[in-house]
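First chain A sits with chain B, and in the next complex the same chain sits with chain C.
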Partner chain A sequence: MELRDILHDYLVGEIATDRESLDPGENLLAQGIIDSMGILKLVSFLEDRFQIQVGDAEMVPEHFESIDAVCAFVQKKRNG
Partner chain B sequence: MLPGIEVPKERFAVTSRLHALRNKLTVIWESLEAKLLLLAGNDFRVRRLRKRGVRIGERCLVYTTTFPAEPYLVRIGDHCAISSGTKFITHDASWILFEDAHPDMDVFGTIDVGDNTYFGLDVLVLPNTRIGSNCIIGTGAVVRGEIPDNSVVMGNPGRVVMKTSLLKPLLLNHKNRLDGMRKLPGHEKERVLRRHFGIP
Partner chain C sequence: MDFSFTPEQLALRDEIAKFARQELNAELPSRDREEVFSRENWLKCARFGIHGLPFPRELGGSDADIVTTMLAMEGFGYGCRDSGLIFGINAQMWSVQMPILQFGSDEQRRKYLPRLCSGEWIGAHGMTEPGSGSDAMSLSTTAVRRGDRYVLNGSKTFVTNAPVADLFVVFASTNPSQGFLGVTGFLVEKERSGIRVPRPIAKMGLRTSPMGEMVLEDCEVPAENVIGQEGLGSKIFNASMEWERSCILASYLGAMEHQLETCVAYAKSRRQFNRPIAKFQSVANRIVDMKVRLETARLALYRVAWLKQTQDEAVMDAAIAKLYLSEAWVQSCLDAIQIHGGYGFTTELGFERDLRDSIAGRIYSGTSEIQRNIIASRLGL
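The block that comes next holds the complex of A and B.
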């Protein structure tokens, strides 16, 4: 399963539960799809699922504004 | 007692008792005043707290009066908002465990808050804490140590969970964002909220 699909399924299943699907480029912040607790849940999921550590300084909008942005962030973290 | 200055024992005892009584009366007055100040307007409350020694900047909203016996050890920057129930502590009384061996011991710490920082309800700020500017301290957080500028802090022990820049779009686009509510009279506000949340 691709990273993008894993994130999509998690977001739809756990956070954006009123949505059936999300576009990879859809703005999660500007559309009000995710809230502050949702961000914390997502980060916790990313850390457990992909064995990465997300630092305070990385908790910025650029990394969470869409599924594509989260994918790019996770890939960057995994590549060290 | 200062070296070289001899005070008769009896006089010293009377002075000590008067000193203790004065301290006790001060504490009683300050706790009474703290309760009364909660009923006062923000500007009056801030002026009184400043008079007691708390260093509070300009344009602050302060809805707590729980400042320590050493209010001068607390500094709050400009344009901060402090919700009710928030407490600032500048001393550590756990020395009482070691009182037998160290009867005169005391431990203190300062609290410094930058500009444009918000404290939710019932935050506890412990001694030796420096909170930067543009921070949000979430309800019930227990904060100690260094909090960098632009941080959102939650929990006990309080930890930085995100940058303020990330919380901003979340709030701006929140599904329950309702502008203009503070200007509405109570019954109108209730009507709008009931309709928004589908409460009959």
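The block that comes next holds the complex of A and C.
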């Protein structure tokens, strides 16, 4: 399963539960899909699923504004 | 984990308890009834060094570590019966002073922290809005950059210390397209035009701690008053709530210990059916439950202190401690009233005031429900 699909399924299944699908470029922050509680869940998921650590300094819009952005962030973290 | 305290730490706790007992409890029933804030007692606490405990010495503090600070706040809660005063001071320390220390510029630290630590200025924290409470980051207050200034518009409510504050930490959205990550913290001085505190808010408990609304109407704030940088508001808010959740509760420990001792003494001296009521299992068991709650609460809280001292971050543990201690404090008040029977129900003994005050603990700094949500999130639920 592709990273993008894993993230999409997690977000639709656990956070954006009123949505059937999300566009990869859709702004998750502006629409309130990821809010201050949602990001705690998402970060916890990313850390467990991809064995990465997300620091406070990395909680910036560029890393979380869309599925594509989260994908790029996770790939960057995994590549060290 | 090492929970042993040094003789110096224990001496500080006892010293604060003695100071609070001797200096801060006078005329409390009438101040509570009339909702009177005591600026005099606020200054006494500041001069004693409470406001500045964990802050750098060169900025007006005492350089105490977090464990020492929590122990000192425990002593404060043990000696001081005025929960409103304790709450107001904690609100300033953790949600005004600490964000300035952690995220502010050197200039902001030098300008504001000595005044706040000395009691010369009072600080307030404006986050909650009429339309955003537990979902704090869905705020609608905006800040628009115009040259070297920001223009703030919006309103805040349930702002502790607002009616007497000289300085406000205000959160506003600088970039709505970035959702909660587009929120920024500002330092707003009371003297700035465009800021109003229309009316104090009456409440059931913590009545000696003034609370109010705050309205921002084209309030211009210099760009150098941004805390940290644009978009850092969420991080600043979460960090200050974690501190507040951890430290404000330490005073509850002291208050619960004081209640327990009072109940033990009363149960031994009050006689019914030719014996002390302590000899009735139903009374003794209630007191035992108070003791068990106190000691488990103490473990939860000092675990947070240890984590914050060694790892800096304690999100889930701070939520566990906040949830458990605030609920334990309410139950302790109910038990104290029940053990004292009719006397416990009177205003004179103060347990009914404690109970009214304790209810707020389940609501401020994140409700018990939000604490459960945080814990659930960290469990991946």
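By our rule, the second predicted complex is superposed on the first by the 80 of 80 C-alpha atoms of A that agree within 3 Å, B and C clash if a C-alpha of one lies under 4 Å from a C-alpha of the other, contacts with A are read in each partner's own complex, and residues count from 1 in each chain.
In the analysis below, contacts are C-beta pairs under 8 Å (C-beta built on N, C-alpha and C of every residue); 3 or more make two chains touch, one makes a residue touch a chain.
Values in this document were obtained by computation on a predicted structure and should not be read as measured data.
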{"item": "Contacts of A:Val60 with chain B and chain C, given as first, second, both or neither", "value": "both"}
{"item": "Touching partner for A:Leu40 - first (chain B), second (chain C), both, neither", "value": "both"}
{"item": "Touched partner set for A:Asp48, first chain B, second chain C, both or neither", "value": "second"}
{"item": "Chain B versus chain C, judged by how many residues of chain A each one touches", "value": "C"}
{"item": "Overlap of chain C and chain B interfaces on chain A (superposed complexes)", "value": "29-32, 34-36, 39-40, 56, 59-61, 64-65"}
{"item": "In the complex, chain A residues that touch chain C", "value": "27-32, 34-37, 39-41, 44-45, 48, 56, 59-61, 64-65"}
{"item": "Footprint of chain A on chain B - complex, ascending", "value": "148, 151-152, 160-163, 165-170, 173-175"}
{"item": "Chain A residues within the chain B interface of the complex", "value": "29-32, 34-36, 39-40, 56-57, 59-61, 64-65"}
{"item": "Residues of chain C that touch chain A when the two form their complex", "value": "135-138, 175-182, 231, 234-235, 238, 313, 315, 373-374, 377-380"}
